[in-house]
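Read from first to last, the chains carry the letters A, B, C, D, E and F; within each, the first residue is number 1.
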Amino acid sequence: MSFIVTVRDHLMVAHSLSGETFGPAQRLHGATFIVDASFRADELDADGVVVDIGRAAEALREITGALTYRNLDDEPEFAGINTTTERLCQVIADRLADRAAGGVLGPSGTRLSSIAVTLHESHIAWASYERAL
Amino acid sequence: MSFIVTVRDHLMVAHSLSGETFGPAQRLHGATFIVDASFRADELDADGVVVDIGRAAEALREITGALTYRNLDDEPEFAGINTTTERLCQVIADRLADRAAGGVLGPSGTRLSSIAVTLHESHIAWASYERAL
Amino acid sequence: MSFIVTVRDHLMVAHSLSGETFGPAQRLHGATFIVDASFRADELDADGVVVDIGRAAEALREITGALTYRNLDDEPEFAGINTTTERLCQVIADRLADRAAGGVLGPSGTRLSSIAVTLHESHIAWASYERAL
Amino acid sequence: MSFIVTVRDHLMVAHSLSGETFGPAQRLHGATFIVDASFRADELDADGVVVDIGRAAEALREITGALTYRNLDDEPEFAGINTTTERLCQVIADRLADRAAGGVLGPSGTRLSSIAVTLHESHIAWASYERAL
Amino acid sequence: MSFIVTVRDHLMVAHSLSGETFGPAQRLHGATFIVDASFRADELDADGVVVDIGRAAEALREITGALTYRNLDDEPEFAGINTTTERLCQVIADRLADRAAGGVLGPSGTRLSSIAVTLHESHIAWASYERAL
Amino acid sequence: MSFIVTVRDHLMVAHSLSGETFGPAQRLHGATFIVDASFRADELDADGVVVDIGRAAEALREITGALTYRNLDDEPEFAGINTTTERLCQVIADRLADRAAGGVLGPSGTRLSSIAVTLHESHIAWASYERAL
């Protein structure tokens, strides 16, 4: 038995991907990533929610705000890292997990069992990452 | 290994939420909830389905029909309960579980392993509840 | 030949509708309205846009912000008015038109040929209103 | 902790379903199935992906290409089988699993933990099948 | 200045298409058509609506109900007619127009200026037909 | 009275926008543009279609294929041009119009009355351009 609440945001970035696997995506190109951040808990809190959705949306917006309208190839934090859709899911989920553990999402945020992040890169492809808290 | 079948319906309700967490949503307002009800089974039945989708859709429509076009603040069944999106997911899932156990979904409905309900409150926020049967 | 730019927002309101036509919707209920506001121009401005999308989104957010999380039946501005989806489209479009004419959207906003607003009340019903400027 | 990548495709088929459960769907009719194929892994590969998304999409297209624009009632492979949405999910997932095990998706495809396939038969109904690899 | 209201329904049919243009779609296959029916008027009626949305949805359901779960190749009404997505849009729009003119949609239905029907055959293709009343 | 057929594709590009209006979008960033190309005609051809949808989709794919996985700031064809969503709509529509006029879409493509292109840059913003043929 578990509850999940999800909020959606987006980011618009340039990047390139290293490795023959990526074919033309080895060139500098870009993507809009529609970001769905899901917070899971076994029980609801006293207010009847998984987590304060306002704080959750704000935390997500801070994280996407620090990434959007940038060329990820030029961001020191991604030096040597392929910023694939999968990897960006993990980066965003980990940052949300840090905020949740740090109390940024309020007391309910510290009781979450897991966080999942899905990034839609187009209408025909998306990726997700799920991790325990 | 498992199979899931999902049907979609919706309800349109007024309500208010108690607790400072909810900010302006403490005022009487409203929502369209797009409802996705998912039925899971480990095996398909002799017809090759998880459950009779016609019966599943009808059961969901009865449940949403009893909630829609109402002010949930005035419904005795919700007295003292915050009708958050998460809580409404649980209410609908529990009612579907009761119907499944009671045979309303047919014999296959009694073999289900779990039910999940997602309520979309907008294009940028939704919640889910999943429970075993 | 014309260009259109559209931004999406939403509002969550309670209301009731007067008239036998509305059946159960005569009761106090509610809706999430996903709002798409479209701005049309015959030519792009010097920046290559119909209108500053940031200003357009902000104008729309101000308008939806003044309506959301409310019971429209209690709002003086709607006294004696059926707040149907169609009518709310018109209200929002007219407010956007006023802002455009008043220069709130910037100089390009004063050259628009028309504004259209669509409100999605569910996944199976929506309404629109289009007017010249 | 796990990663998922999903690609979308579709098929357009005629078929009929055997069994009173299906009511009018016992007649020869048809469906567009929007197909979402999801590949899950515990870790990303050296390129930072679950699986080469180009190969995954191509494998899915081969499988849907062998089914689409056909009357499934006339296909020998489905003789005596009800081609329900659930069953078609399983067929497609099993074919993807065979290709993954056979190396068609590349080395990363052999490390997948599970495959899930969802078929959307309309805007109000869909089914899924998930299996381990 | 005009108002539009739209309702969504769907149909699931088998058919084949005559002509080399259609390639593999010359074979018997099928489709789910998501149907959006739009009703346009210059002014709202006394209730504040374009047309009674309940009657509009019911009229559409009658029309889709007479087409769905069938093989259109066997329907006498389509003898010698290619049941392309475009043509089916026209058939449905014309039937709605007849009902509107006949008063089935109520008095407001006789004041409509136009009807448009869109059929989505997949997530990547759709067609529309618009006609005056 | 008119018919429209629409096909969807997408492109993934890096670019930057010149002008204070664009705020952070003046930096090099990127976008996935979901592209909807619509072809309008007053009458259907002998096959019962607006235009051969296969040829239309292929023409669109050639045009998006020449743009995708690139940094538009480095493309000579866009030197001195702000590659806004609106402008890219026009570029794609004009290229489709050239192909239509040149017979690439077949004889029916030369009878089209207009072409419209919509680019969705996110779930909350999109732009369109429509032109006569």
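Throughout what follows, a contact is a pair of C-beta atoms (placed from the backbone, for glycine too) under 8 Å apart; a residue touches a chain by one contact, two chains touch by 3 or more.
In this text, all values refer to a predicted model and were calculated from it rather than measured experimentally.
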Joint neighbours of subunit F and subunit B, given as chain labels: A, C
Reference subunit E; chain at largest CA-centroid distance: A
Label of the chain whose CA centroid is most distant from the centroid of subunit F: B
Equivalent-chain rotation between subunit F and subunit A, CA atoms, steps of 5 degrees: 180
Proportion of interface numbers common to subunit B and subunit D (over half same, under half different): different
Chain centre separation in whole Å, for subunit E relative to subunit C (CA means): 27
Chain centre separation (subunit A, subunit C; CA means) in Å: 31
Touching two or more other chains - residues of subunit F: 8, 123-124
Residue ranges of subunit A touching subunit B (in the complex, touch as defined): 1-9, 44, 46-50, 52-54, 57, 106
Residues of subunit A that touch subunit D when the two form their complex: 17-19, 21-23, 81-87, 89-90, 123-132
List of subunit B residues in touch with subunit C within their complex: 8, 10, 12-15, 24-25, 27-34, 68-71, 74, 121-124
